[in-house]
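Next come the structures, one after another.
Here come two complexes built around subunit A, the first alongside subunit B, the second alongside subunit C.
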Partner chain A sequence: MVLLTFRLKVKNAETGATVEMELDGDNSVDEMIESAATFWNKDMGAYVLRKGKKVLRGGSTLKDAGVMAEDVLELIPDPEGG
Partner chain B sequence: MPGAVDQDTFDRSRRVGWLNLDAIFRTRVLMIGAGALGNEVGKCLALSGFRRVTVVDMDHVVGSNLNRCLFFTQEDARTGSKKAEVVARGIMDISPDARARAVVGRLEDLPGSFYDGFDIVLGCLDNIAARIHANSHAYHAGRPYIDGGMEGFIGRVMACLPPDGPCVQCGMNRSHAKVANMRFSCTGEGVVFHEPRLAAEITTTSIVSAVMVRECLKIASGRKDMTLRNTFYYDGQRNVAEEMEVPLDPRCPNHPPQVLQVSENHIMSGSVQ
Partner chain C sequence: MPRPKILGETKRMPEERAPPPEGSLGPHDWLSRDSRTAYDEVLSSGRHFDLYISRHAEGMMRSHATKEAPRRLEVMGFMLGDVRSWQGSVYTTVRDVVTTDLKSTPSKVRFDREALPKLFGDLDGSGFDYIIVGWYHSHPGHTCFLSRTDLETQRTMFDQPYHTALVIDPLNEDVKTFKLSNQGYDEVPFSLTDALAPARPVRKRTRRLRVREV
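Take a look at the complex of A and B:
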């Protein structure tokens, strides 16, 4: 099976920093969130990844989520407190 | 001399054409959580005309609550007053026509049928596990659930309108599960608690609570067409307020598939339990 590898950027909503990631379509959104959060040494907490105005489902693959090469995704904290 | 208009507490609300004040007066609201968000939501509910409010919280007031909780006093902190009771009393102080009831206890101990007695459920919670609990019970009771969350200058509001559309759990992923599990990784004597990244901050709390109660007003007034169908996201540091789409997750336990394919030739309709 041939996996298509592509590059995209993830932006850190809290700092404005971006990181380029190389992934394949079978990677999951959950994996991307974990990788990006680890890269930026994010505090333990809930995060979501969005493409434009749409929040990406954690369990879906990047392919199923409609993520494409050169996309810029944004990692944002999902506030828990009340 | 003030005229009749100036004697009417709700005159200014009546000028908003789509507000149905009679319906708002009658709406039975369940507010879960009486912390920072619960205080502000309680205030907005009372001033907006909601008179039938039940407040649920198990906790008591401490000194560090006082910089963001309108109804709590130094005396409450000193005596360890129950948050639900203080907020319920505060609602009635603002609105003498209100009948606010306090339930002091754990959300998880309430029977599932408890939700049937309300028209709208408001989640003013401070942790993911409680949010999942309230969301699923409200969803299965068919009650609109409006959930607020915040950390520092970031806030979020989601309105869930069963049986249509996504619920709060649809927007969660593995990072939420990890945090929720931390709170409940109880192995004998040890319980690992997760502290939110940042405490609530009153200006963010005010914005989040205002949006929650505004959506409540729309639902109570029968204007679901105007109601937030996605997530309202606010970042006070970047001066951003926007709506984000949370797609319905077909694997979310609150949305069982309506059609179960048993075999290639047999299609069965109904819910999967």
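Take a look at the complex of A and C:
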């Protein structure tokens, strides 16, 4: 099996920081969220990842989600008020 | 399958910039007596405030909260701004706010997941390189404080020293801003300012928002 890796950036909307990530098209969106959230010491369940106006859903692969090299994705908090 | 690998991080450092001038500042109309005293103390001390909110952003939050007040439904949104430093200390600006359709009760509120694209469109349309410097939500008739749920949200998502929670009670006409502290959370004085303006064309966005009672 040939794995094609590519790089993209994920921005942390709460701090303005960005990480550059190396991924494979068969990685899942959840794996990407988990990596970024873990790096920033965040609870991955409290965040969503967006590409433009689109919410990237957890179980789908990056390939199926249309994520491509050089994309800049953004990690957005999903708060609850009470 | 290799796991995603983080190659490096680029941090965003606070821009060195003077706070809004004193002539542009003013207190929120709905400050309690204690909050107003705290405001006056900061102003007379010559120190800068930790938080400056544009009058535009304040108006959007007040309008949003007031609109749902008759149904006693909570509303919520993000505060967009920047983190700046001046003479060795950091302060935060709120230039704009964004929100979307909500799932709400008189005591709970969340973004409607189906309406996240609308929220993301407004983030892209904000017109500047924002940081989500905090969040706002309403407590219609419940006064202003951080509930256990609010505190969990603050600890989980808004744990940087500059992150703020603004709570507004449109029925009691009260508003307060809070930050995490060693004791849990503390109220922090803030000022409104005319010196910050939204970077996008202004329109009444809350009119088209739906708040669904759940």
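Simple rule for what comes next: the second predicted complex is superposed on the first by the 78 of 82 C-alpha atoms of A that agree within 3 Å, B and C clash if a C-alpha of one lies under 4 Å from a C-alpha of the other, contacts with A are read in each partner's own complex, and residues count from 1 in each chain.
The definition used in the following text is that a contact is a pair of C-beta atoms (placed from the backbone, for glycine too) under 8 Å apart; a residue touches a chain by one contact, two chains touch by 3 or more.
What you are looking at is a predicted structure, and each value in this text was computed from that prediction instead of being measured.
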- request: Could you tell me if A:Arg50 is touching subunit B, subunit C, both of them or neither one (first, second, both, neither)?
  value: both
- request: For A:Val29, select first, second, both or neither according to whether it touches subunit B, subunit C, the two together, or no partner.
  value: first
Message: Of the two partners subunit B and subunit C, which one touches more residues belonging to subunit A?
response: C
Message: I'd like to know which partner A:Gly81 touches here: subunit B for first, subunit C for second, both or neither.
response: both
Query: Counting only touches as set out at the top, which of subunit B and subunit C does A:Ala37 meet: first, second, both, neither?
result: first
Message: Just checking: does A:Thr61 make contact with subunit B only, subunit C only, both, or neither of them? Give me first, second, both or neither.
response: neither
Statement: Shared subunit A footprint, subunit B vs subunit C, residue numbers 13, 43, 46-48, 50, 53-55, 76-82
Statement: In the complex, subunit A touches subunit B at residues 13, 29-30, 33-34, 37, 43-48, 50, 53-55, 57-59, 76-82
Task: Note which residues of subunit C are touching subunit A in the complex, please.
output: 1-12, 74, 76, 83, 107-111, 113, 116-117, 119-121, 123-124, 129-132, 135, 137, 147-150, 152-153, 156-158, 160, 163
- request: Provide the residue numbers of subunit B that touch subunit A in the complex, in ascending order.
  value: 33, 35-38, 123-128, 131, 148-151, 154-156, 170-176, 178-179, 182, 194, 196-200, 231, 233, 235, 238, 242-247, 249, 251
Query: Which residues of subunit A touch subunit C in their complex?
result: 3, 5, 7, 13-24, 26-27, 31-32, 35-36, 39, 42-43, 46-48, 50, 52-55, 74, 76-82
